[in-house]
Amino acid sequence: MIKRVETGIPGMDEILHGGIPERNVVLLSGGPGTGKTIFSQQFLWNGLQKGEPGIYVALEEHPVQIRQNMAQFGWDIRPYEDQGMFAMVDAFTAGIGRSREYEKYIVHDLTDLREFIDVLRQAIKDIDAKRVVVDSVTTLYINKPAIARSIILQLKRVLAGTGCTSIFVSQISVGERGFGGPGVEHGVDGIIRLDLDEIDGELKRSLTVWKMRGTSHSMRRHPFDITDKGIIVYANKILKRGGIVEI
Amino acid sequence: MIKRVETGIPGMDEILHGGIPERNVVLLSGGPGTGKTIFSQQFLWNGLQKGEPGIYVALEEHPVQIRQNMAQFGWDIRPYEDQGMFAMVDAFTAGIGRSREYEKYIVHDLTDLREFIDVLRQAIKDIDAKRVVVDSVTTLYINKPAIARSIILQLKRVLAGTGCTSIFVSQISVGERGFGGPGVEHGVDGIIRLDLDEIDGELKRSLTVWKMRGTSHSMRRHPFDITDKGIIVYANKILKRGGIVEI
Amino acid sequence: MIKRVETGIPGMDEILHGGIPERNVVLLSGGPGTGKTIFSQQFLWNGLQKGEPGIYVALEEHPVQIRQNMAQFGWDIRPYEDQGMFAMVDAFTAGIGRSREYEKYIVHDLTDLREFIDVLRQAIKDIDAKRVVVDSVTTLYINKPAIARSIILQLKRVLAGTGCTSIFVSQISVGERGFGGPGVEHGVDGIIRLDLDEIDGELKRSLTVWKMRGTSHSMRRHPFDITDKGIIVYANKILKRGGIVEI
Amino acid sequence: MIKRVETGIPGMDEILHGGIPERNVVLLSGGPGTGKTIFSQQFLWNGLQKGEPGIYVALEEHPVQIRQNMAQFGWDIRPYEDQGMFAMVDAFTAGIGRSREYEKYIVHDLTDLREFIDVLRQAIKDIDAKRVVVDSVTTLYINKPAIARSIILQLKRVLAGTGCTSIFVSQISVGERGFGGPGVEHGVDGIIRLDLDEIDGELKRSLTVWKMRGTSHSMRRHPFDITDKGIIVYANKILKRGGIVEI
Amino acid sequence: MIKRVETGIPGMDEILHGGIPERNVVLLSGGPGTGKTIFSQQFLWNGLQKGEPGIYVALEEHPVQIRQNMAQFGWDIRPYEDQGMFAMVDAFTAGIGRSREYEKYIVHDLTDLREFIDVLRQAIKDIDAKRVVVDSVTTLYINKPAIARSIILQLKRVLAGTGCTSIFVSQISVGERGFGGPGVEHGVDGIIRLDLDEIDGELKRSLTVWKMRGTSHSMRRHPFDITDKGIIVYANKILKRGGIVEI
Amino acid sequence: MIKRVETGIPGMDEILHGGIPERNVVLLSGGPGTGKTIFSQQFLWNGLQKGEPGIYVALEEHPVQIRQNMAQFGWDIRPYEDQGMFAMVDAFTAGIGRSREYEKYIVHDLTDLREFIDVLRQAIKDIDAKRVVVDSVTTLYINKPAIARSIILQLKRVLAGTGCTSIFVSQISVGERGFGGPGVEHGVDGIIRLDLDEIDGELKRSLTVWKMRGTSHSMRRHPFDITDKGIIVYANKILKRGGIVEI
C-alpha cells in the first residue's frame, strides 16, 4: 500500500525494508568525513537511472566542484541537466563570479528563507522532481540554533506539498551524540546516522536507521564502505564493540 | 476507589496496575524515534473504542498528515470527528492555507497561551472529552525554558478542572537523562519514559513508568515493539544490560 | 539534652538516632517521583497524631488537590484544619478562582518574599505550629539561582525565631549530584536525600541523611518503599551497588 | 626554625608535621555536611585552651546560634568573650534585630569589603588575636566569581600584616573537584580538603592536606570522625578505594 | 587520472595512497606540541626539492624565527626565497619593527580578511605557488567562532581558483575530540589529525587521516616520530590501546 | 650547536636532554600546590650560582614574602639584588604601602600591559638578565581569556628580543586537562606540566615535558619530590597507573 523510493545504494533498501517511504523527509546525520554527501549524491544518481528527476541544493561547495566530485564516482550529471531531469540549486556562490552565467537556480541571500524556498519550488516544478537533497540544512541555521526547528518545519511543509522524497544532510561534530539538535531531530520523518569511529587504532564506518515513519526497518548498526563506485552497505553484518559480525 | 483510564495498549495497563488514574496529567517523554506520537494516538483511539471522546492537539505535524499517519495503523478517526467524539486542535498551521476551511479548532498564535487554552477548553466542552493529548508540549516553551514550568502548571490547572486525563508529549535529546527539564518534570502527575538505545550494535526499545500519582506501578524497564497495529509492551519482560529477560 | 521531633515515618527516626533536632531546617532533596511530597505530608500528619500543630505551604499543587492526595493515604486533614491544628498556606492559586472563599492563608505575589513570610508567620502564630513544610522552596527561586541562598537564609531566620522544625522540599533534576545548589545546601541544618535509580532494569528507592546538625545519624543509604499507608524506610538494610543487603 | 600553630584536633597536627606554619592562610574546603565549621571552631577553641586569642567571623549563621552550636561540643566561648580572648564578628545579621545590643563587632554591608576589613582589623587589635576563622569566605564572592581572587588576596594581605594564622572556610558543591575556584586556590598558603563520599551505600569522611607552605605534610587521604567532642582524624589510617587501611 | 601532490614526509604518502589530491585544502589538526608546524614546513620544503614553489603564511611566529626553526631541521629556505620559489607571508608582525624592511608580503590588519586574501593571492601569483601553508587558520577566527566557517570557505574558494594544494594548521585544545569546530571540519577537503597522548606514563605521537576527498587512504592510527630531520611516519605500524603493533 | 640554559634542578636537565634551549619561553603549568613557584625560583637561584642574572616578576605574592619563602629553601637572594644580579619586579603591591620605599621595579597598573613591559624591559637591561620568571602570567589575563593569547605573544616578542630564557607560570584548576587555555598553549616554545594526583589515597607528584622547541626531551611522566632543598626530579623513574617504576 505504502509507496517507497528506492535509494539504489547496495544494501540500503534491504535495511529500509524496501526503501524510503514516499514524501518522507529524512535527516542524514554525521560528522566530518562520514560520507553524507556521497550518500545523498548516490541517492539522486540512482533516481536518475530509474527515470526520477532530482535536485541537489548546494550549500557547502561550488556547483562546479560538485559536478566534478560526482563525476569521479562515475556519476556524470551534465547530460541529465541538459535533459531537464536534474537541477542544481546554487545556494553557495550567491551568484557572485561566473556562476551567474552558468547556473540556472541561484539563491542570493541565505538569510532570506523565502527566496530559498521560492527558488527550490521553481526548480522542483520545472523538472517535476521526485527526489531532493539539501546539503546541508545545517548551513541554514548555523549560528542560529533557536530557529533551526522552524526552518526544518517550513522546508518540510513545502516539500510535503510537492510530493518529493527528501534527504536533509545534517552536519554534527565528532563525538556528538544527537543528530543536529532536538528541534531538528523531532521535526523530520526519518533519521539515518553515519558514523566514523576509531576502534583501537582503526577507523570504522557504520550506519544506523534511527527512525523512519511509515515503515519498519533494521534496528542494527551496519558497517559500510566508500568505494570508487560509491557506498556499499553491508545489510547482513553488524558493527559491535568486538568488531564486525555476520548476522 | 480510585478511577482509572485504561490505555488499551497491550501490556501497558498491567504495568500501570490497572491504567492511568483519572485526571492525571502524564508526561510522555522520549528522544526522536522512540514512539511517543504512536503511543499517544493509540491511547486516544482505544478511548474512542470504549466510547470516551478524545482530543489531539497537533503542534508538530499538519492535521491532514496526522490523520493519514493514524490511518496507517488502522486508526481512522474521520468518522469519530464527524460524530463529535474526536476533535483535532490545529496548533500547527496557524490557520494558513486551506486548513482554515477544514479545521474547526485552530490556534493562531502560539505565543499567546490564553488563546491556546481557550481553544482547547472549547473543544473539550464541545465533545465532552475524557482524554487529551498535547503533542508536543515542548513546542510551547522551546527557546523559552524559563517559562516551561509556568506553562505546564497553567495547562494542568485547566485540564484538572475539566476532568480529562491527559498525555503531554515531551521531546528530549538523544542521551539526555531527564524528562524535559526540572520545572516540567516536577509539575506533572506521572512520567512515562520511552527509550531507544543502542546496545552493542542493536537498537532496543524500552519503557519505564517513572512516577504515577495515585497508584503503584511496575518499577521495571520493559521492552516494547512498534508493530503495524501500534505499540505492544512486554509487561513480563525486563530490559537489563545483558539483554531482555523474562520475569 | 537536645530535644527532637519524631518524624513518625517507620524506620526514619531510627536512622536519625531519635528524630530531627528541634528547630532544625531540613532540606528534603530529590528528583521527580522520589516521594518528597509524601514524606513531608507524612511528617506533618504524624505530628498531628502527637498533638503537634503543623503547616503545609503549597507552592506546587492546588490546596484542594493536596487535601485529596493526603486523604488517599488515609491522612484526612480537614478535621485538624477545623480544630485549628493544621493550616494550609496557599501559595499556588494567588487567590484566583474560588480559593479566595475557601483558603484562609493566601500568598498573592510570590515575587514578594515579605508577603510570603508575613502570611507564614501569621499562620504559625495562629495555630502555634510546631512543624512546617514548604513544598517546594525551589519554586521560590526558580529562574533566580543567584538569590536562592538569600531566600533560604531569610526563611530560616524567621522559622528559627518561631521554634518550629521545618522541612524544605528541594526539587532537583534526574542525575543531578547535589541537593539544589551550593547556596541552598550550605544554608540549612540538615539534608535528607531521596533517590530513585535504575539499577539494571529495576527502579530502586533509597534515602540518605547527608547532614543533620545537633545529632549523629546513620551514615548509610537505606532502601524505602511507598505503600498505600505512606513511606516505610528500612533502617536495617543498605542499598549497595550489588543490591539491598541486611545490616 | 619555623613557628607553628597547633590545631589541637586529634591526629591533625601529626598530619601537618607539627601544625600550621604561623601566619599561613589556609583554605578549608568541603561540600555540605563535611564538618568545615566544626573543624574551624575546634581550631579556635583549642587555641583558647593554650592562651591564644581567636576570632570567628560569622557569615553563614546567627552569632547566637553559633555560640549554642559550639556549646553542644562542650566549647563554651562566652567566658572567653568576657575576658577579651575571643571575639565574634557578626557579618550575618547586618546589625538588624537585637544583635545590635549584644554584638560588639558588626559588619553592616557585605558588599563593602573595606568595612569588613576595618571591623576585622579592629577585633584582631582589641584582643591581640593569634587565630582567625572566616566562615565562609565563599559568601563574600558568591555570585561574583570574577572578584573572588581579589578578595582573597586583600584579606590575606591584611591578615599577613597582623601575624594571625587563619582558616578560610570554602564551600564547594557535592562532586566538585576543586577547592572553590582557581583564583582562590592559588591565592592561599595552604589547602585542607574535607570529603564526604558515598562508597557502596556508606558515607565516609576523609581529609587531605593538598598544600601547606613552609612545611612538609602527610600526602595521604585520612579518614576522620565527628564525635560529640569534635573531630578526630586518624593519622595512621588511609581511605583507599577498597576501604580504610592501617598504615 | 587524479593528480596528487606528494608530501615527501617518510611514510605519509603511503598512508595517503600516493599523496594529497591536487587542489585539496587539508586541515592539519592537533593540540600543542603535536608537530603541526614541523609537518607543514616539511611539506613545503619537500615541494621545493621537487621544484614546486611554496608559500608559508606566518600567523603564530615571527618570520625570522620561522626561518631559524626550519634551518634547525636542515631546511634553509633563504636561497629559495631569493630565487623566487618560496615566499613568506608575514601576518604576524603587522609590519611593526624592522620586518617592514625585510619582509615582502605583509598583512597589516588581521581583522580585514580582504587584505589577507589580497596579499596571499599576490604572493601565489608572483612565485606561481603550488603549495600553501597557513599556520594557523585558528588565529583568523580565534574569539570569533561564529565566522570560522565563513573564513574557511572564503580562503578555500580563493585557493581552489589558483590551483594550489594547501594545508591549514588548526590548533585544538588538549583532550578536545574534534578538529577545530564543526564549521571548519565540514568545510575542508581533507583532515589529518596529529595526536600526543599519555599512555600509562609515556607520551605517544600518532597520526590519523580522518578524511581526504578524491582518494582512498589508510583508515588506521599510525605512530610517528619527530627527529632532527623532521617527521617520520610509520605506515606499517598502528597505535592501539595496548601499544604499537606491526601490521 | 644549539645553546641551552641549565635549570640546575636535579634530574630536570637530564629530562630536557641538556637544559632549556636558549631564548625559549616555557609555560610551567600546574594546579594549586603542585610546586610551580618553587620550580621557577630554583631555576633562577641556580642561574645565579652560575653567574647568570635573573628576574622574578611577582604577581601573586608580596615581594617581602617571596624573599622569605626563598630563604626557607636556603636561597637568599638579597646579596644578589645588592650586586645587581637579581631583580624583583613588584607587580603585586601596585606601589601601595611601604613597598614604594623598598622595591626598585614596580608595576602600578596591571591593566596597562605597556607599563608592565616597560618595567620588565628596564629591569632586564639594568642587570643584563639571562633568566626571567613571570609568576604567574595567568594573573595578567584572569577574567579576560579572550586576550590571553595576545598577551602571551606580546611578552614573548619582548623577551625574544632580549635574549632571555623565560618561565611563565600558568595556574590551572584541579582536574583541568590543558595547560591554561588554547591561545596560551600554542603561543609558547615549551610546556612543562606539574601534577599532583591522588592515586588510591596517596598524593603523588609528577612532571611531564609536553613540548620543547629546539630539542628532543623525555617523553615520560617523571615523579618528583619537594624537599627542604627544593625540587628533585627522578629522571630514571616513571609514574604509571600502577605506581612508580624504575626505567
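Chains here go by letter, A, B, C, D, E and F, matching the order in which they are written, and residues are numbered from 1 within each.
Definition applied: contacts are C-beta pairs under 8 Å (C-beta built on N, C-alpha and C of every residue); 3 or more make two chains touch, one makes a residue touch a chain.
Bear in mind the structure is a predicted one, so any value in this text is a computation, not a measurement.
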Minimal step count in the chain contact network, chain C to chain D: 1
Centroid-based (C-alpha) most distant chain relative to chain C: E
Residue-number overlap at the chain A/chain B interface, same or different (half cut): different
Angle, in degrees to the nearest 5, of the Cα rotation that carries chain B onto chain E: 120
Geometric centre distance via CA averages, chain D-chain B, whole Å: 53
Inter-chain centre distance, chain B versus chain F - centres from mean C-alpha coordinates, in Å: 62
Centre-to-centre distance between chain E and chain A (centres being mean Cα positions), rounded to whole Å: 31
Junction residues of chain E - those touching two or more other chains: none
Graph class of chain-chain contacts, one of line, ring, star, complete, other: ring
Ring order of chains, beginning at chain A and proceeding to chain E: A, E, F, D, C, B
In the complex with chain B, residue positions of chain A that touch it: 2, 146, 149, 157, 160, 177-179, 181-183, 185-187, 191, 208, 210-211, 213-214, 216, 219-221, 238-241, 245
Chain D residues within the chain C interface of the complex: 31-33, 60, 62, 65, 69, 72, 136, 138, 142-143, 171-175, 196, 198, 200-204, 226, 228
